Every structure is written in C-alpha cells, then in structure tokens.
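Paired with subunit B in one complex and with subunit C in the other, subunit A is shared by the two complexes that follow.
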Partner chain A sequence: MAVSIVVRVILYILLAPIIGGLLEGLDRKIAARMQGRQGPPITQPFYDLYKLFNKQTIVVNSIQVLFIVAYLIFTIFTGSLFFGGGDLLLIVFSLSMSEVMLVLAAYSVNGPYSAMGAQRELLQMMCYEPMMLLLAIGFYVSQGSFMVNDLIRVSRPAVIALPGMLIGFAFVLIIKLRKSPFDLSTSHHAHQEMVKGLTTDISGRDMGLVELAEWYDTVMMMGFTGMFFVTANPLSYIGAVAACLAVFFLLILIDNTHPRVKAMRMFGLSWLVILVCAGTNLLILNLVK
Partner chain B sequence: MQDLLSIYQISGFLILFPFLVALLLFLQRKDTPLRRFTVIFSGFLIMAASVYTAVTVLLSGGHTILFRPSTHAAMEAAEMAIRLGELLLLGVVIVLSIKYRKYFCILLGALGTLPVLILEFAGRIPVTETCLRLDPMAAVMYLIAGVVGPLICMYAVGYMRDYHHHHTDVKDRTNVFLSLLFVFLGGMFGLITSDHLVWVFFFWEITSVCSFLLIGYTRSHEAVNNSFRALWMNLLGGVAFAFGILTLLYLDPMNGKVISLSELTQQGRQAPAVMLAVTLFAVAALTKSAQFPFSRWLLGAMVAPTPSSALLHSATMVKIGVYFLIRLSPMFTNTFTGVMITVIGGFTFFAASLLAISQSDGKKVLAYSTISNLGLITACAGTGTTEGVWAAVMLMLFHAVSKSLLFQTVGDIENIMGSRDIEDMHGLIIKLPRLALIMMIGICGMFMAPFGMLVSKWAALKAFVDSQSVWLVIFLVFGSGSTLFYWAKWLGKICTVIHQSVNLDDSTHGSELISMVPLTCLIVVMCFAFPWMSDFMVQPVLDETFHRNVPNVIGGADTIIMMINVTMIFLIPIGSRFLSVGSRDRMTMSYVAGVNAGDDRHYIDSYGKNRPLYLANWYMEDYFGEKVLLWPSVGISAVIVILLVLIVMGGVF
Partner chain C sequence: MKVSQSPWILHYDGSSCNGCDIEVLASMMPHFDVERFGVINTGNPKHADILLLTGSINAQTAPVVRQLYKQMPDPKVVMACGICACDGGIFKDCYNVMGGVDKFIPVDIYVPGCAVRPEALIEGVKKAIAILDEKKEKMKIAMKQGYCTVDYGRLAVHTTAEDYDAQVQSDAEPTEETEETAGEEKAQ
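Take a look at the complex of A and B:
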C-alpha cells in the first residue's frame, strides 16, 4: 500500500511535466489547425521551456522568486496528494494555497499589469473555488469517502451519480486553466490589453518555473476529470483517458471560438452554472440517499 | 479534594479580582508607571489563574463540577450584589439615555431588567443548590478570555498613550477605558462560570452595558450614535433572555423548577415551552454574536479605540453569544429552532463575506470577517451534532487568537501611519517590515490552508455534509470563495514591494509587543498543536455535552500532511535564503508600458511628462457594496428571526 503510494507520487512528479508539456503542444497544434495554420511541432513547449531556463532572469524584487518557487512546490505537493490518494478537501485547500502564492508573486512586483492580473486571478479563484469544494462533497456523498484512494475503487463510475458536477467542473476548468472566454488574468497570447497580466513581470527561469507548475496543474485537473470515470476495473482507465482527452479537446474548441468576457459576467455566469448544475446535483443526491 | 477546593477559590477570584483592578485603575487618572504596572501585573495574574484553572479542569477528567459560594453568608452577599448590580446597570442606562435623549433604550432596559428584578426581590426565583459550574467548556472559554483578554488589556496601555497623542480632540479618560476593559473581563468570567440563569443574565447585562460605554468612549457624535445602537440591540437581546427566563418559570409544565443552564440542557426535554425558552435564549445569543439582522452594532463598534474592538471581536463580547449557543446545542438536535439558527448562521457567513469584499477600511473588513466567522460557528452549533460542536469550539479558539492579533496590528499601523485603510497599507512589507510580518501571519491564520481557521472550516464542512444540510453546504462553499478573495487581496497589498521606499519609524511600544509577540507565536504553534488541542480541549467538551465519545473529526494521515504543509511554509523562505536562489538575477523596474521614472510610483508618458501611478485594489462596490447588500441581508434575516419566534410561540399557546 505505502509502496504503491510512493510509486504513484514519484511517477506523477516525473511524468506530469512530460504529459503536461505534450498536452500544451497538442493544444497549440489543434488550435493552429482550427485557425488554418500549420502550427508548431507538438514538442515545441519543451524547447520553449529549455530556452526560458537558459535566458538571463530579470526580476523586479527578491521576494518574487520566493513566491514563484513556493507556487511550484505547493502545486507539485497538491498533485502528489491527489495521485497519492489523499483527502479531496485537503487537496482543494492546498490547491488554493498554491494559487495564492502565484497571485502574491504578481502583487509583489508593484506593476500595473501584474496588479490587474492578480486581482483578476483572485476573482477567477473566487469563481472556481465553490465548484472544487462541491466536487469533493459530491464524491463524498455519492461514494462515501473523501479519500481519492477509496474513490478509485468503486464499482460504478461516479459520473452516473454526478453528471451535474461533471458539467459544472468542466465549466470551471475553463476558468481554472485560463482558457478564453475566461482568460482574464493572463493568457498564452501576450497581445491583449493586459500585456501578459499575472505574469507580465516574470521572465527567464522564473517564467519557466511558472510554466512547469502549470503543466503539473493541468495534469492534476485531468486527474480530477478522470476521477468521474475510474472504477475498480482497470479497463475503466482507458475510458477515463478518453474522457479526459474529450474534455481537453472541448476546452480547446471553446478557447478558439469564444471571445473573452468581462470579469463580472464571468463571476455571475460561473456561480450560476455551479449553483444550477452542481447544487441541484447535490440536492438530488441527498434526497435519493 | 484540596485541589478542587482551590479551584473554586480561584474561579471566585477570577470573577471578583478584575472588578477590584478596575476600581484601582479608575482611581489612577495619571499615566504613571504604577498604573502600567497594575495593568501588566494583574493581567499576568489573571492569565496564570485562568490557565491553571482550565488545565486543572481539563486534566481532572473533564467532569462537570457544580458548586456555590462556600458559606450561607457568602451566598446571600452574592445574591444581594447581583440585585444591586442589576439596579446599577439599569441606572447607568437610564441616566445616559436621558442625557443623550435616546429614551427608547430606557424602555428596553426596563423591560429586560425589571421583571427579573421584581421576581428576585419577591423571592419567586427558585434557589438552586448550585449556581456556579466548571466544566471543559468553561475551561476552554477560560483559556480564550483569560489569555487573549489580559493580553489586549496590556496592549491597551501602550496603545492609549499613542492614541491620545494623535487624537488631541478626545478627552483623555484612559483610566475609565482601562477599568472598563477589566470590568468586561470580570463579567466575562462570571458569565462563563455561572450556571443559574439569573446570574448569567446579570453578567450578560454587564457586558452589554460595558461594550456600550467602551464604544462611546470618544463621545463624538458618531461614537454616541453607534454606542446607542449597540446598546439597544444588546438590550433587545437582554429582553429576549429575560423573557426566556420568565417562560421557564411560568409556562414550563415543570413549574419553574428548572432555572439553571445545566438542568435545562441535561434533560433533553423538547417540550414546546422549553423550546420557546431555548429559542429566546438563542435569539439573545444572536444579538451578542452580531449575527444578521443584529450585525450593525458590531460594524459601528469600530469607532472606539482599537483595544476595545479587539476585545469585543476576539475574546469576549461576540464569543459570549456563540458560547451560549454551544451550551444550548444539545437542545437543537433535530428541532425547528436548530434548523433556523443554522440557516441564520450560514446566511450570515455568506452575506458578511461578500460584504467584506467591498470594504477598504481595515477595521471594517475585520468586523465583517468576525461576523462571517461567527456565522459559521453559529451554524455549527445550530446543527446540534457532535461534529458541529467540535468545529465550533475549534473555530472559536483559532478565531480569538487570529482576530485579536489582527486588530492590534491594524491599531498600531493606524497609530504610526495615521490611516487604517487597506489602500494605505500598500508596500507595508517595506515600510514596516515587523508589523507587516505579524499581520501576514494573522491573515494567513484566517484563511490559508494549514492554519487553524481552515482546518476548522474543513471540519465544519464535514459536519454539514454529514448532517445533510445541503443549503448550508452551498452557503459555506460560496462563502469560502469570497473569503479567499477579500483576504488574499489584502495580503497582496501588504506584500507589494515598492522600490526606494523609506522605512517608517516603527514606534510600537513594549507593552504592545508583550501582547502581539505571544499571539503571533500562538498562531504558529496552534498549527502544529491542533490534534493535541482536539484531544485535550475539545474532546472533553463533546463528552460532557453529548455524553458520548466521538472519533477525531480530522485525524490520521491528514494531520501528518498538514504538518508537512506547515513546515514547508516556513522552510521555503529559509531554504531559498540559504541556497541564495536568485542572487545572480538582474534587477529591473516593473513594466508600465512606458518609461519607468526610476521609482515604482511614476512613469514618463508619451508627452514626456512625469506622471504618478497608483495601484488600487478591487472593491466592486456596485456589486458587493453595503448599499447593495446590507439592507437586503438585514431584511431577509429579520424575517427569518421573526418567523422563528412566532412559530415556536405558536407551539406553546
């Protein structure tokens, strides 16, 4: 038991950057094809990361680095908790802590674009945080445990009991992964009114660390998605991976077809979707029990 | 037995001694070393006595000890003192209400006090064998009031000197202020230790009148108005309390035999009349804990000097309400009253956390956060489940420490910078590094992952899920989102590093540090100690309240993970210093889409002019402002409270 946990955590720490990088490469490739371009090779993100690490790092102050390192470490820690089979609520709380670190890094530079990005990022967190908590509660109510370890050993996939939760989660995933129409705080295309928002004043190695943390984050989010489909049956993992890819494709599609919305519209929309989809789902679950 | 005897004496000492200190301080008008010594010495004495009592009670197996003043004469004297005290309090209310022409307060004061007083003089109140009680719950409250309370009193010594230095227009009545703080503490200890409901009522009224006097300290127009608002709301609670006692005496089929809190909750009788009394007590508790619709008094309370805010918000006033609800929680199990109290608490948590987003006044954010957190505690107590009470007690402990620290830091910052606006705390980490660090720990203690408040919130969430209160879960998850928002943006403001900024002169007094340093350490230590606190402090409370053992709500592997988490928070800064991460990086100015003028506060625009730059936080007044949300929240919750009382009354008549 203990050994398998350690193995899973090590696998996550080693493989997540690779999978995360490939997912990003895939994202860029598909996006390019949707726009009728050739697009970069799928391994392009790795070259980018390599280049970032070899550039001279320019910082605005010395605490900035500290927060970024903390962001990366806490993200890896949260992911390890998840793939190690820990408590879902604890994972959600850890996740928001790592996000706060990134926000503080942006705050600390005292630049107008970073500050604006930081506020928007906080608003984005406020939008998805309720859903993450409800997700954990939904799993608990339907399967009787908060522990990821127990939740992957169930006899039937959670999605049967939690369809509303899946819709709500997929919705907030757009916010969490900062895809258009909800890429308010920063985006991968630095051509908007916010320059690069949250990460405007981060460069070189530090930017590399942020990219790396985002890859870890993406893999964990895919893990959350997979949770809806995984059962004790090993074959279910194939289905789970397929579902993750489907959700990921959907995210890219939405990203490329929807223009960005205003902050308060995102706020209203996300809370409404969460309340209607996840809230109703929870209410029904409780009545059925 | 010898040991136990001394506990009785010490708890008697704890009730009476603060009043004596108050008298001594009242007589010392000048700021002499003797006055400072009196506060600090008696503060430490009270702290030692309360910690000793609490630890003895908790270690002795956590049984309830009921007792009364040792001799017949002492008992008589105590009863007489209470009657005279009630008359005195009523007198103070009447005189001040006439002076400031707020006559309705007289009506409320009389309506609450007179019936009970008449019954007392007529000898119609049943005398119980026991009127005082020490048990684990009282011990926990002793720790909160007895450790945090005296620390705030000590802080006040240094703070008030600076305060009057800056506010020359306010008449220096520091002696009155300090003595009121101690009267408050005495009342607090009395209330925690009392079991006889009439005694509880007396101490209840002491805290109401005391907070009224503290809020009105500056005697400015605003202060007077706000203090009377606090008075009438709390007197209204007092009326509810008094009618609760009357209900027990005259409507209860037991014919008024039950007059002590322990008998009331032990019986578990949920007869309509008893439930009416419980509901009235609960409404009184809502006023004290500043739940919606009674929140406005606490928001107004911040006009007073900071130590009184710290005391009202953290260790005393608002905690009385939730303390009482926790006492009553066995009566809430599966009752209509319980459900409604839970709904009010959950709603308050949610609404206050949204309202906090729109505030830029540091103290006001703290006030909304207090209301919000107390809403959570109220909701936990209202569920009437063991898990709920576990979370409630834990939340109370963590909240008391973090909140009093935050108030003290905001107070000091105000004394140094002349403002307590969060916008003015921009770059605090450079201007006042020491206070900024303390404040960061305080803020982290309120919402970040491994710190206490979040652990308890986690437990609360589990409690709500287990008791199948779906609406409460929804309030809690959405409220958590907004809580994160308003704390994190404050934290960000402090962390901003401004280049070429000057270090301000940090004039924090020694007596203020005596208070702030231990509180900061407590927050950090409590992160590690929470499993231990659960076993030795909260578990006995649950055993006594529910008479059954419950497994640790959060335990096992989670605890270890939390520990790793805490350790990392402290190791990452130290480690990166040690490894000199980033020491070879090139430094630059932040990006302003133009030429940076050399500091972070100016840039050169396209006309070559030097323009100032100002970065403000978001407050989103149009969406979360008081104008938009406050009155609707008060309205909705007022309807809930009125419905609650009417429906429960309908069951009796």
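Take a look at the complex of A and C:
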C-alpha cells in the first residue's frame, strides 16, 4: 500500500511534465487547425521550455525567484497529494496556496502590469475556489469519504451522482487553466488589452519554471476530471482518459470561439453556473440521502 | 534542440505607414502561418527573442525602441523590416524622422521591401534564428571565460573586449546631447 503510493507519486512527478507538455502541444496544434493553419509541431512546448531555460533571466526583485520556486513546489506537492490518494480538502487548500505563491511573485516586482494581472488572478481564484470546495463536499456526501484513495475504489462512477458537479467543474476549468473567455490574468495570445499580466516581469528560467508548474497543474486538473469516472474496475480508467480528452477538446473549442470577457462578467457567470449546477446537485444529493 | 526552434517575436511599429505591419500580421495568418516554426507573437519584451521593427524611428519612438531592446533578455536579435526601418525610406526627409533603426540599436537582419513581403519576412525570421543560435553559443563561451556577458549601458552585446567599437553608431552611447546635435544637423 505504502509502496504503491510512493510509486504513484514518483510516476506523477516524472510523467506529468511530459503529458502536460504534450497536452499543450496538442492544444496549440488543434487550435491552429481550427483556424485553418498548419500549426507548430506537437513537441513545440518542449522546445519553448528548453529555450526559456537557456535564456538570460532578468530578476526584478530577488524574492520573486523564491515565490516562483515555491509555486512550482506547491503545485507538485498538490499533485502528489492527489495522485498519492490524499485528502481532497487538503488538496484544495494546497492548490490555493500554490496559486497565492504565483500571485505574490507577480506582486513582488511592483510593476503595473504584473500588479494588474495579480489582482485579476485573485478574482479568478475567487471564481473557481468555491467550486473546488463544493466538489470535495459533493464527493464526501455521495461516497462518504474525503480520501482520493477511497473515492477511486467505488462500485459506481461518481458522475452518476454528481453530473451537475462535473458541469460546474468543467466550467471553472476554463478559469483555472486560463482559457480564452476567462484568460484575464495572463494570456497565451497577443493583441489583448493586457497580454501577459501575471507573467509580465518573469523571464528566462523563471518563466520556464512557471510553464512547468502549469503543466503539472493541467495534469492534476485532468486527474480531477478523471476522478468522476474511475471505479474499482480497471477498465474504467480507459473511460476516464477518454472523458478527460473530451473535456480538454471542449476547452480548446471554447478557447478559440470566445473573446475575453470583463472580470465582473466572469464573476457573475461562474457563480451562477456553480450555484445552479453544483449547488442544485448537492441539494438533491442531500434530499435523496 | 536549438534555441532557434522557438523564436518569440516582439513587434514594434516605429512610425510606419502601417503597410509593413499589415504584412507582418499577414505572415501570422493561415496562408503563411509562421507559427509552424514555433514563432509566437508575444506582446512582452521580457519573453521575446526577436525584436521585429517596422517603420522609421522618430524622436518619440527612439527612447521606446531603446527601452524595448534593453528589456529583452539575451540572446536577442533585431530585425528591421521594410525599407523605412532599414534607413528611413520615403519618410527619410521628414522633419521628425531620425532615420533607420540602426541609428539607435544594433540591427542584425535587414529585410527590404515596401511593403515588406511575407515571404521575405519568413526568410528574415529564418536567418534571424540562425543568428540567435550563434549568439547563444557566443554567450556560453563568454560565460565560461568569466566575462560580464552583457553591457547594458552600451546597448550592445559584447562578448569580448575587442567587440566594442565606439565608431559603430549602435555601440556609441546615445546621450541627450548627441541626439540634440543630430536633430540640429537634420534641421539645417
């Protein structure tokens, strides 16, 4: 038991950057195809990462490096907790911790764009945090445990009891992964009213670390999505991977068809979706019990 | 793997007629699609590898261009796109135009044309990324030998002491005084 946890965590730490990088490459390729372009090779994110690690790193405020490294470590820590089968509540809180580190890194440089990006990131956090908490509660009410280890050993996939939660989670995933209608704090595309917000003053190696942390983050979020479909039956893992890919494709589609919205719009929209989908789901779950 | 596989571009318009800018954007569009080569049009100098300049430089954009160049981390390459950016072009004799980009920062690649054609731009980017690799190698060697790799005060990359040449315009430190004299010369 203990050994398998260690193996799973090591597998996550080693494989997540590869899977995350490939997912981002896939994202860029599919996005290009949607726009009728050929697009970069699928391994492009790895070239980018290599490039960033070979560039000069301009550090505006030395504390910035500390926060960025902390961001990476906390993200890996959160993911390890998740794939090691830890407590869902702890995972949700350490996830916010890692985000806070990134926000602090942006605040510490004292630049106007970074500060703007950091403020918006805080707003984004405010939009998806309630959903993450509701998710943990939903899993607890339906399956009777907060431990991921128990949640993946159930007889029925969680999505049967928590369809509203899945919709709400897929919605906040757009915010969490900073995809287009809600990419307020930082964006992968130029020609927006604010382009690189959060990461404006992060360059070279530090930027590489941020990218790496984002890949870990993406894989963990896909893990969350998969958790809705996984049961004690090993075959269910295939269904879970398929569901993850479907959600990921949906994210790319939305990313490419929606322009950025205002912060307050995002706020209203996300809380509405969370309340209607996840809230109702939780209510019904409680009534049925 | 080479640095050249992921050149991120920062596009700045010195004071062009917008013809070149439209061509730059056209090369990002489906027909030419420079993202095939990993090019990303970033809006941020601190993430950029290639500074792509269009249009001639005037008194107001000169400090901006200089600052953008300073903010870019090494290794970096400057591309002057369009005949205006190369030497002032048809706006050369305007009262406010101070000349091509190379009067202010060192230019590595000149891409001629009015407006510059997307094909030429792509050719330019390919050449620029070859230089990017070269500069990275230089940087590595210089770091091993223990030089201070970059001399920001002088706005140019000096990997060795012999590299620096005050006679070269881009190496000369631009001060307000020199700029004023340049302006006065122009007025006469």
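Definition applied: the second predicted complex is superposed on the first by the 287 of 289 C-alpha atoms of A that agree within 3 Å, B and C clash if a C-alpha of one lies under 4 Å from a C-alpha of the other, contacts with A are read in each partner's own complex, and residues count from 1 in each chain.
In this text, a contact is a pair of C-beta atoms (placed from the backbone, for glycine too) under 8 Å apart; a residue touches a chain by one contact, two chains touch by 3 or more.
Here the structure is a predicted model, which means the values were calculated and not measured.
When the two structures are aligned on the shared chain, A:E24 is found in touch with neither subunit B nor subunit C. Contacts of A:P112 after superposition on the shared chain: subunit B is touched, whereas subunit C is not. Judged by the touch definition given at the top, the superposed model places A:V195 against both subunit B and subunit C.
With both structures placed on the common chain, the touch criterion links A:D217 to neither subunit B nor subunit C.
Once chain A of one complex is fitted onto chain A of the other, the partner contacts of A:S62 are limited to subunit B, with no touch recorded for subunit C. Touched residues of subunit A, counted separately for subunit B and subunit C, are more numerous for B. Applying the stated contact rule after C-alpha superposition, one finds that A:L123 touches subunit B and leaves subunit C untouched.
By the touch criterion defined above, A:M97 reaches subunit B but does not reach subunit C.
Shared-chain residue A:F74: touches subunit B; no touch with subunit C. Subunit A residues 56-58, 195, 200-201, 204 lie at the interface with subunit B in one structure and with subunit C in the other.
Within the complex, the subunit B residues that touch subunit A are 427, 429, 448-450, 454, 458, 461-462, 465, 468, 470, 473-474, 476-478, 480-482, 484-485, 488-489, 491-493, 495-499, 557-558, 561-562, 564-565, 568, 572-573, 576, 581-582, 585-593, 600, 613, 615, 617-618, 620, 623. The residues of subunit C lying in touch with subunit A in their complex are 1, 3, 5-6, 29-30, 33, 35-38, 40-44, 46-47, 49, 71, 73-75, 136, 139, 149-150. Residue ranges of subunit A in contact with subunit C, taken from their complex: 28, 32, 35-41, 44, 46-48, 50-51, 54-58, 190-192, 195-196, 199-204, 207. Of all the residues in subunit A, the ones that touch subunit B in their complex are 56-67, 69-70, 73-74, 77, 81, 86-87, 89-90, 93-94, 96-97, 100, 103-104, 106-115, 118-119, 122-123, 125-127, 129-130, 133-134, 137, 140-141, 146, 195, 200-201, 204, 264, 271, 275, 279, 282-283, 286, 289.
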